[in-house]
Amino acid sequence: MNALTPVPLSLLAPEIAVTLALAAALAVGMKSRPSNGLLARAFGALGVLAGLILFFWGPAYSDTWLLRSGGVARAWQVFFHLAALFFLAAHEARGERPVALLLGALLGMDLLAAANDLFALFIGLELMSLPLYLLVYGLRPDKRKLEAAVKYFFTGGAASGLFLFGLSVWYAETGTTALAPGGLPSPGTSLALALMGSAALFKIGAVPFHFWLPDVYEASEPELSAFMSTAVKAAGVLLLMLLSIGHSSFDPLGGSGAAFPNLGAWLPAVSAATMTYGNLMALRQRSVRRLLAFSSIAHAGVLLAALWVWQDGGHGTELSTLWFYLGAYLFMNTGAFLFLALSGISEVEQLKGYGARAPWPAAFFALMLFSLGGVPPTAGFLAKFYVIWDLLKGSGAWLAAAVALNSLLGLGYYLSLVRTMTLDEPGPRTPDGSFCPSAAAGLVLLLCAAASLLGFIPEAREWLFTLLTL
Amino acid sequence: MTEAAFLLCGAGAVVFAALALFQRTLYGSALCLLGVLLQVAGAYFLAGARLLGLLQVLVYAGAVMVLLVIAVMSSPPRLARPFAGTPPAWLGWLALLLPFAELLAFLRLAGPADGAPWRWTPGLETQTASLLFGAYAPLTEAVGLLVLVASLSILREEP
Amino acid sequence: MQTAALVLFAAPVSALLLGFFVFRRWRPEKTHWPMLLSCAAVTAASLWMCVRIHDGFIPDNVWELPVYRWACAGSFVLEFGLRVDGLSAAVLGMVSLVSTLIHLYAVGYMAEDRSFNRFFLYFHFFFLSMVGLLVADNYLQMYVFWEGVGLASFLLIGFWYEKASARAAAWKAFLTNRIGDLGFMLAVFLLLSSLGTVRFTDVFARLGDLPHGTLYAVAFLLFMGAAAKSAQFPLHVWLPDAMEGPTPVSALMHAATMVTAGVFLMARSMPLLREVPGVLAMIALVGLMTSLGAAAVAATRKDLKRVLAYSTVSQLGLMMVAIGTGNLFGAVFHLITHGFFKALLFLCAGSVIHALHESLNGAPTASVDDAGGLARKLPVTFGAFLIGALALSGIPPLAGFFSKDNILEGVHATGSLGLYLLSLLVAAGSSVYIFRLLFLAFLGERPEQRGPKAHAHEPGFRMKVPILALAVFSAAAGTLGEPLAKMLGAAAPHLDLSISFAALGAAAAGILLAWWAAMRRPSFDWKWRRAQPELERILDDDFGWQSFTAACAGRVAAFSRRLSDSWEKRSWDPFTESLADTAVGLGENLTLLSRGALNEYLWWIVVGASVLAGAVTLCF
Amino acid sequence: MLLTWLWLAPALAMIVVWAMPSRGLARGTALLFSLGLFAYSLWLLAPYSEGLLHLEELGVAGPLGIRYRLSVDGIALSLCWLSALLTVLSLAASWKADVPNAFWASFLGLEAALMGVFCARDLFYFYLFWDIALIPMFFIIGLWGSSGRRKASLKFVLYTFLGSLSLLIGLLALVTLHHQATGVWTWDMSALEKTPIAGRAALWTYAALALGFAVKIPVFPLHNWLPDAHTEAPAAGSVMLAGSMLKMGLFGFLRVLLPVFPDLSAAALPVLGGLGVVNILYGALCAMAQSDLKRLVAFTSVSHLGFCLVGLFSLTAAGIAGASLQMLNHGLSTGGLFLLVGMLYERAHRRGLNDFGELASRTPIFAFFFAFILLSSIGLPGLNGFVGETMCLAGMAKASLPLTALGLIGTVLAAAYGLPAFQAVFWAPAGPGSASPGLADLDLRERLILWTLVALILWLGLYPRPMLELLEPAASALAQR
Amino acid sequence: MISPAWVWAISGSLFILGAAFLVLRRQLIAMVIGLELMINAANLNIVYYAARRGDAAGLAVAFLVIAAAAAEAVVGLSLILALLRSDEAAETDRLQELAD
């Protein structure tokens, strides 16, 4: 591949569509109108949707020096676009700025998925992170949001720094920033990968890089937390996958590489620590948002376990397991956060007796919680089921046991939320039953509910995989 | 010889950085940072990346420093402890000792691959420019977007 | 035969159903009619069976009828059926006859009780269970009715459940019987697992297939069951307390339905027991020991029914001695005669209680202190009691003489002089205690005795008839020896004069001793015993055994409380629950890692990345 | 579709009942529906033949080897009957409760899950239904239980979920081991039975599965979720919990462990049979010390299920058939006892042993039913409990005499806990502050419910052969493995 | 010829010093300085090797990194300014409201 060959523009059509939407949103904001937000969201959703369609319009697989399109990348991009759509459907701010920022972050993610090159990865990472710092800050900031944004910025900046330094080491060692190491792995490349891997773990929210996460999720808008807990986490997983594959023409369907040979040694430990920590911390939370934040840390641990099996390789189903887990998590966690956004609940206290005030929203939330807890017949159960199965197929029996025990811990707090909602008498702080989602948000709720009931279909993972690799 | 000068510039940068760390005032730290940035720019010059050195001076010593100065000036003029209490300082130093020790161990045990000799490549910067607007164009664009997005932070929030 | 067998079940079952569904609601005070009719029908049927068997109409003296397959799984098959042979027919005849009379008696005795209907339901159920037990054709079926007997005894002993003592006695009876049943069931399981069948015919035919150890175990375990039902040491503890029930219940239990079941089981298993002389010897010894001990206790009790109860224990011991000496005929013969005269004695005691009931404050039993000089007030009862006492003592020509004599002959035939002498002692002892009771209650007129009220009177007609009938049977049952022997296929009994005279002498000596102690030197009962509270206590305690078993039961109860409180409620349950708290507590401790300080977050990132980098690079 | 309806119909009915406009309508519909389903489940005997009813399959097995497969053998069919019957009875028993639609719907949901468990032939669906059953029970305990329900509901779900997770790992390991041995992915029970698996991994798998099932039964020392759950659940909930849900664990042993690991099961006899005996004795001893009627009955449950375990692990046709029968018996008698205690609680709002007295004369009908069902529960011959216990122990006698003897001690202890409790409530004089005065006797509805039970108890006690003939083919097949 | 190990030592030290700012300093502005130091350390490495190998791609990377770093600084400093404007000192120990 000639280094000087420019990437054909046609391959970038989806990204261009999103960029245009970004521009349109900004253009909307030139004049101050009350309908700015809605208009911008409409443009944004249009762009994201157009991008989604264009992904499938383009070639099934193409690989240039810097960027790829189609293939596995597309699956991730579809995921990111869905998460963005959910955010746009749920977010009801007035201005156009959040839309523009979100589209920026989405572009970063798209770039991340398509990147064939470490530097492209870095730019994708930055483009994803910077708008998020500002999104957390929010349109009408309060002290807590500002604090969260500052914390996020500095920890995220440190992570970027680590990534960049890792990149420089990689470049020093191999003479290229391409993901293909070209030659045997050396201590230098290992060091580089460890530094870059730390940045990925930071995005995933793995122990001990997770401390920013609960603060940020607690302070920011619930729909933003939903976006971050799904898309950003997925981006982190993707980053880690790319690092461990390290192959320019990588097609994980065909097998895995070994650029990060020691992933096997430490990833299970990090995974177990992460899920245990997340669950133990979640058990004692009084704020629902913070609780869900810690729960997302716990889920990150399970994701890492799935990632480890995938990297361990050889069983042919691991990537689909990972995707299914992410997919199920996208729906159930979005649903849970969306419930918080629409009902205006943030403290566990406020949930008391909510089931009596608003049975249907409460039932919806309970469904999401059961799904997060991994109780059949929900998609969350199926996701854990696949992960444990894959772990047992390999040599990860102890990690499988850890995942199982952790889902018990998890059920402990999910279920006590359900209990608070249904068993307790309504308290003075329980909001009334008003719960009126917009049409778009209602659609998302329905989607989440429907997707969470997938547990009856044991082959759902295979279906999803076929769908994503059309 | 140039190589030695490069190293000297680098060492200067490290010295300035260390100085910056221990400055009690933000003002002092910012000045020291300027020193670091200039030293690094000098190193770029010496490495033959003159355009890059220039950019370093313009962007960093120019734009970023301006921002820093504005921020420093906006903060209330009071003399405060430079170091945070949590975690305790000794724990913080301990944590920093770890990567230092690792760095030394790494250099001693593994060391970087000792590749080709220092080599001047004429036309490198032209190549760089064509690359930036050729194959790297999407990335350049992305960085442009990045700057655009960053600029959104300057927007005033609505009243 | 088939019709008769049908009557055996159909009559009591339909009587019970009628009593439960019809009479209970509509005419509770008439409940006894279906029961009496059913008793009569069963008696007729069983007597007819006796005749058929005695007259040799039944080949081999065994008539069997498979009824239905109860349960089956794989090779495990259990059939229910009927088996009527000489043994069961004879016992059945006695049981139904005595039961009928006691039913009749109970009509009068319970007439004023407000739970008249309930009483007869239980009472008849008792009877039904006993009948079923007698005609069962296999061990498991026998066990089914065996437990029915136990349940009925529980309900009836606790019939007057307002009293704590009645409740406790009922429970004690059931529990003790269950302990014995444990042995019975284990024997059943042993037979099932080694032979695959529990049918008497099959088991006895295939005894040779059983290993010797199994045979011993089965025999021993069966005896364990029998010991509980027939109140043999060490499982006899429930019987004295069982006096808490109404007197007809005691009569039925002691004469016909309950305690005979154990002896019957032993008699039934005789072919099996004969294979294991060791167990036989043990049975004889246990029987003798029980017999002696019970006689000693009986000779010193003051409570009418209690004396009679211990006398039953003692007589049952004698029957066990007969079993132990392989004397099947003697055991069954004594069982039958004992059934008659013990029922008679109890019914008389019932009459006494009935006569005294005003001074008893509703207590179901009476002490000799309450009685005294009853002979004048209750001449008929006294006469009947005298007949019963003579029969029990073994004075010819009354029933007890023949059966007891036969047992003693059997013992003598074993050649063990000690056993023989001790058995003679038992015979003497039985006349001591029963005549002591007779003298004290009916003839004694000590100032310490309260005596009957002026208007105390004989019971009514319905109670007198059974007493008189039983008196006749007690007097004449000795003649049943010959036909019984024919039915059992045993050699006809003959009197060995030397042994007869020895027995007679022992009995006479016993009566004299009783007369001397109760009438001539009453200081024994009224002074000396009171001066020896320690001895009194020991005797009351069955030589310490009662309190020992109570202590054991207390231990188990305490253990269960400890298990439930200290372990389950205070240790294990809190421990499992504390696991949840531990998890929450761990989360509490984990918060120490971060207190919301940004520098700390960054510190962790630096440390994490360093550790990761170090690990990866060094592990490389 | 014959069997599919068995779980699908109550699941749909659950939604219908939920959506009913009024409470009364919901109640009526639910009862009617459960009655219909019971009739339907009885009718299933018609197409049933040769020990197995209808393999129902849907689609083809995908790459995971999972396929929707239902079928019932005699044992499963009898458990379906039991679940359907108990649902009817518990709904009828709660007739007077003023509860929202969700109450009635929960029971139908529970019924659906139970039917699914008993019918599933594919381990995936087996597990799916297994876990789904937890959710309605969580709400039944949590929403309509007594004062301690908040804690008890969570304890119940978490404790049993621990078992479920162990079960899940065990099932996955089993399927994976089977794949390693044969190269085929399958979750089909009948296929898994064909390839014996041995070795260390098999042992771990066995342990995981056994743990999963044991929690549900529950086996000592994992039993202590049960007393709390029973005590706090509403009467109808206790009935379903004891009557049907606990059977899931035993059914699991029977369906999965015994056929797939015959050798390991034989080797596990001392452990699991021993635990069965411990269950018998421990449950009985603890029951002796209880002063709360419901708690007492809960501990008797522990004891009774010990007999089932003993029967199962005798690995003889008699023992297994006896254990299956004992499952039914336990459902009837313990279910009946819970119903009775519930009726008492409904009237007096108390259920301490010493809160009552003299009930035998005050409420004779109630006393009769209580005595009858209690006697069935403590294994009086002629009633159903005896048949089951006898067959279990008779089976065990072939395998291990000491265990049989120890198990028999449980029958003695049964008398030691059952009768004093009966005496305290029904015979003892009512003390001051007793709840006895003014208690109304049973009404016609309650009597009808209890007569049903009494009739079945008598039938199974006196003439169990038809039922045993239904259970026997499956039991013999298991015993021969 | 001087060993490249020296370059590594310098860039590594610079990077660790940057991290030291983040871990130790309490003024947010100083922490921004730390971030810049980290980025510069990486860039120094890249430029050294790019120059040594005559690799235009490395230089292009360095170019874009400078721009990205500037963008990051903009965002960071804007957040700090927002903090300062809401009458707060821009110091870490004032940011402990969100905590467990």
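Letters A, B, C, D and E mark the chains in the order given here, with residues in each chain numbered from 1 onward.
The rule is simple: contacts are C-beta pairs under 8 Å (C-beta built on N, C-alpha and C of every residue); 3 or more make two chains touch, one makes a residue touch a chain.
Small disclaimer: the values here were computed from a predicted structure and weren't measured.
The chains that touch chain B as well as chain E are A, C. Distances between chain centres, each the mean of the C-alpha atoms, put B farthest from chain C. Note on chain placement: the centre of chain B and the centre of chain C lie 102 Å apart, centres being C-alpha means. The distance from the centre of chain B to the centre of chain D, with each centre set as the mean of the Cα atoms, comes to 71 Å.
Chain centres here are Cα means. That of chain A falls 43 Å from that of chain D. Centre-to-centre separation of chain C and chain E, using mean CA positions: 97 Å.
Residue positions of chain D touching 2 or more other chains: 158.
The multi-chain contact residues of chain C, meaning those touching 2 or more other chains, are 580, 591, 594-600, 602-603, 606-607, 609, 613, 617. In chain A, 3, 119, 123, 126, 130, 134, 137, 141, 150-151, 154, 158, 162, 172, 175, 186-187, 191, 215, 281, 412 are the positions where the chain touches two or more neighbouring chains simultaneously. Pairs of chains that satisfy the touch definition comprise A-B, A-C, A-D, A-E, B-C, B-E, C-D, C-E. Those residues of chain A that touch chain D in the complex are listed here as 317, 370, 375-377, 381, 385, 388-389, 392-393, 397, 400-401, 404-405, 407-408, 411-412, 415-416, 418-419, 422-424, 455-456, 458-459, 462. Chain A contributes residues 150-151, 154-155, 158-159, 162, 185-187, 190-191, 193-195, 197-198, 201-202, 207-209, 211-212, 215, 261-262, 265-266, 277, 279-284, 409, 412 to its touches with chain C in the complex. Listing the residues of chain E that touch chain C in their complex gives 19, 22-26, 92-93, 95-100. Residues 68-76, 140, 143-148, 151, 154, 158, 161-162, 164, 167, 170-171, 174-175, 178-179, 181-182, 185-186, 188-190, 192-193, 556-557, 559-561, 563-565, 568, 572-573, 576-577, 580 of chain C are the ones that touch chain D when the two sit in their complex. Looking at the complex, you find that chain C touches chain E at residues 591, 594-599, 602-603, 606.
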